[in-house]
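Each of the next two complexes has subunit A plus one other chain: subunit B in the first, subunit C in the second.
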Partner chain A sequence: MEFLAFLVVDGVLAGAIYALVALAFVVVYKASRMINFAVGDWMMLGSRMVASGIHGVGLGLGGALAFGCVGMVAVAMAFDRVVLRRLFSRSLLTLIMVTIGLGIFMRGSAALVFAGLPGGIARPLPLDPLVIVGVPVAVEKLVAAAIAGACIGALSWFFHGSRTGLALRAIASDQQVAMAVGIDLHRHFAIAWGLVGVLSVLSGTLWSFVAGGGFGIELLGLKVFPIVIVGGLDSFPGSIIGAFIVGILESLTAGYVDPLVGGGFSHVASYLVLMAALFVRPYGLFGRPDIVRV
Partner chain B sequence: MLSDHTVSILIFAGIDVIMALSFYLPASAGQLSAGQGGFMALGAYASAYLTVRHGTPFPLALAAGALVGGLVGLAVGFPALRLRGLYLVLVTFGFGEMVRVLFLNAPAFGGPVGFAGIPPATTIWHVLGVLAILVYFFTRVSGSRMGRAFAALRDDEAAAEAMGVNSTYVKLVAFATGGVIAGLGGGLYAHYTLFIDPEAFGVGRSLFVMLYAVFGGLASFWGAVAGATILSVLPELLRWVKDWREILYGLLVLIMMLVRPQGLLDAALLARLSARDERAAARG
Partner chain C sequence: MSEPLLAVDRLSRSFGTLVVLAGLDLSVAAGGIHAIIGPNGAGKTTFFNLVTGALSPDSGRIRFGGSDIGHLPAYRRTALGICRTFQNIRLFGSMTALENVLLGLHCRTRGGLLAPLLDVPFRRSSGEVAARARAVAVLEMVGLAAKAHQSAVELSYGEQRRLEIARALASAPRLLLLDEPSAGMNPQETLELEALITQVNRRGVTILLIEHKMSLVMKVSKIVTVLNFGQKIAEAAPAEIQRDPRVIEAYLGS
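Let's look at the complex of A and B:
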């Protein structure tokens, strides 16, 4: 029982970080119907910027986070200005190719710009696990999950409580009608991409805390896909719930199934759920099916 | 005649062309697949397993790899029938990732260590032979009943169905044939590199395959041929820029999408080229 509780808690904590990544993905999808295939590269660049703020510029963690956010928002704005604005209402494939091209570009420039700078971000916390009601909880994961939870809260307030959030939701539901009531699409696309910049700094940094070093962040980007397919591409609550489902599932299968089949099943599990979800609800648990008018 | 290095560049470029064609075929029916790397992995592992463990002759193993790719293509086609556009892209992407993770965790296929000891079999002639067959196949398909059904589905599914195109059947054929071609590419790849691991067929592979075809242009299969050839030979030519290579590659893709989003060979350019051919033929 204690083992089960430990696994569930661990899964929830991982799920909170996944949720941040998934939100970075869904924000863009909702605003501009773009699939960001380079979401892992964004995260990599975000955490590298924070790391270079610490090791290169000599800032503290807070300052480095601000440095990273400013840097990534600048990248997002440049991408929006130089590339996306010229591609308004182009085909799906063109937009996908653009995110892939940007991903390659980011990887290449990160290797060049941050050459020689360490990519790790030291966590400012003790390492001893906390024991809550008999269940050991890793402190760094707890803190990361708490920060992720706070971000999700702030983001949902932003979307449901602020005027800009309302405009973004209007664009998501119907671009033409949104334009007709006087919403500036370009400005709000830029805001959406700016949010992606901030979210990738935060999720990249939190992941570095948990996983230690800047390793495997690109793989974190890949986790987005089962999450958003299970939860539904165009739904914020869906992607958050999907993230927790995937997090808990990974943790449970890693604890119970991996010892039996020799490891690695936990990585497959989320994709098996994905397949099952596809047969039952191809648009995800909370997704809105495309209604095709003939 | 040609140095070994040149031959290896040509073989890899040829395999890239085969993979780009495997993306082009379902795409010509409007079915965008971001998981061609998964089919390639299936073809590579299946054929390599046969030659290594059972001593199957190379052509037979290659055919078996293609068959596995085709059957799985059929299986992926079924859930994909219910999906369109972006969801289809995401789901096929998920499929590719699933195949990678499965092989990563399959001890019979070496898992993360990879599958080694594959006998060398692929030569430049095999690659060119497969390419010649594919080019013949694609020129025949484009004017056939099936080729027209592909184009009709891509342009307007509802209208195609109204004209009597069985969209379920046509989509499944498109997916399965794409799987067969990718399986062939995988088999050729495995018997040239002689070592395969799941990472070789991961997300990067699937996305690059897509990139090749889109870069060349989806108006004709020649676009996929041109795009894959240029983009896979280019990094070799760019060797001297060293660290700047990835940056330039990324920039090239971005600029291409800004300046010429329809790809290198668009309908207008193809019409001009074929008109010139006809004039040359008329002059005799």
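Let's look at the complex of A and C:
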């Protein structure tokens, strides 16, 4: 029983970070119907920028986060301005290929730009796990989840309470009408990508706290697909719930199934769910049925 | 006569081999209600799309308030004072009536991206409070204040039409383009619409109206332009238009 509770808690904490990653994906999808296949590379670049803020520039964690945010927003703006604006109203396939291309470019250039700089971000926290009602909880995961939760709250307030958020929702609902009522589409696409930059820094950094950083962070991006397919590509609450489902599923299969089959099953489990979801509800649990299939 | 509010000059637009507008010249005087009628496919909606910037013309000029706006993106034209409604209702369905109108106000309110961060978090800024008050006032004008917090899809057909007009009015247009506003309305709703159109016009908004219901056109408009095959075939006061043989021919066929 305690083992189950431990696994569920661990899954929820991982799910909170996944939710942040999924939001970075959904923000862009909602605003521009673009599918960003390179979320993982964005996270990787975000965390590398923070790491080089610490190791290369010598900043503290706060300063390095600000450094990373500025850097990633600049990358996002450049991508939007130089690439996406020229591709406005091109086919979906073109836009998808562009995100994949950018991902490969990021991965390749990161190896050059950050050569010799360590990719790890030291945790400013103790390592002893807390024990809450008999269940051990890793402090770094708890803090990471709390920060992720706060970010999700701020983001949802931004979308529902601010003028810019309202305009982004309008664009998501009907681009042509949004234009007709006087919303500058390009400016808001840029804002959406800027948000992706900031979310990449935050989720990349949190993931580095939890998983130690460096390798494998691109794989985090791949988890976004089972999450948004289960939750619905265009739904914020859906993708958050999807993130928790995937987090818990991974944790449970890692605890119960991996020892039986010799490990590794937890990494595939969420993709099995993804395939099942595609058979049953291809538009996700919370998505709208009119979504195109990719 | 003073300079027209809107003047298009030899405006043309084709889709593939289909010529929809063929060198249209049209002027809209400030202050009036100007109707555009014509058979289906005459180019009326395309004309609206060109004026609002949803489409670019193949050739021709569009002047608004004396300056050339043909190269401006749609949102800049809205800021200059051109706003429209759509033939098939196009509201932001999942949003409330109030949010729809607030979006109409988008180009009249300020508040950069950082405004919500610089302000006291989770409290509305003074600018946003003012915007909400204005949005409620516009809803009152079209008789929807009581439904401000209902989502747009829950409203009745006639209410949705009026909400679309409210959203357009929120942008404080000088020229309001209404694309078949009475489509699908029953006689009672049409009467209410007629009253609303004249009321808006009396407040100083010039109205350009595409309409199929001749009774409405004859009652509200000061001048009627008839389009057929992308060209102007007649333009006169409503009573005269009814007797024009070219118009009768265009509608009934020869």
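The definition used in the following text is that the second predicted complex is superposed on the first by the 290 of 294 C-alpha atoms of A that agree within 3 Å, B and C clash if a C-alpha of one lies under 4 Å from a C-alpha of the other, contacts with A are read in each partner's own complex, and residues count from 1 in each chain.
As a working rule, contacts are C-beta pairs under 8 Å (C-beta built on N, C-alpha and C of every residue); 3 or more make two chains touch, one makes a residue touch a chain.
Bear in mind that the values here come from a model prediction, so they are computed numbers and not experimental data.
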Query = Looking at the overlay on subunit A, is there a clash between subunit B and subunit C, or do the two fit?
reply = fit
Ask   = Which of the two partners, first being subunit B and second being subunit C, lies in contact with A:F88: first, second, both, or neither?
value = neither
Subunit C, subunit A and subunit B - angle at the middle CA centre, rounded to the nearest 10 degrees = 90
Ask   = For subunit A, which side has the bigger count of touched residues, subunit B or subunit C?
value = B
Ask   = Just subunit B (first), just subunit C (second), both, or neither: which does A:I191 touch?
value = second
Inquiry  = After the superposition on A, what does A:T164 contact: first (subunit B), second (subunit C), both or neither?
reply    = second
Inquiry  = Between subunit B and subunit C, whom does A:G103 touch in the aligned arrangement: first, second, both, or neither?
reply    = first
Message = Let me test your reading of the model: by the given contact rule, A:G182 touches which partner, first (subunit B), second (subunit C), both or neither?
response = second
Inquiry  = Looking at A:F3 after the superposition, I want to know if it touches subunit B, subunit C, both of them or none. Which is it: first, second, both, neither?
reply    = neither
Message = Rounded to whole Å, what minimum CA distance do you find between subunit B and subunit C in the overlaid structures?
response = 16
Ask   = In their shared complex, at which residues does subunit A touch subunit C?
value = 157-158, 161-164, 166-167, 169-170, 173-174, 176-185, 191
Query = Tell me, which parts of subunit C touch subunit A in their complex?
reply = 52-54, 73-75, 78-79, 83-84, 86, 90-95, 99, 102-104, 106-107, 109, 111, 113, 115-116, 122, 124, 128, 131, 167-168, 171
Sites on subunit A touched by subunit B in the complex = 29, 33, 35, 37, 83, 86-87, 90-94, 96-98, 100-109, 111-112, 115, 222, 225-226, 228-229, 233, 262-265, 267-268, 271, 274-275, 278-279, 282-283, 290, 292, 294
Ask   = Of all residues in subunit B, which touch subunit A in the complex?
value = 32, 34, 79, 82-87, 89-91, 93-94, 97-98, 101-102, 104-105, 107, 111, 158, 203, 207, 210-211, 214-215, 218, 243-254, 256-258, 261
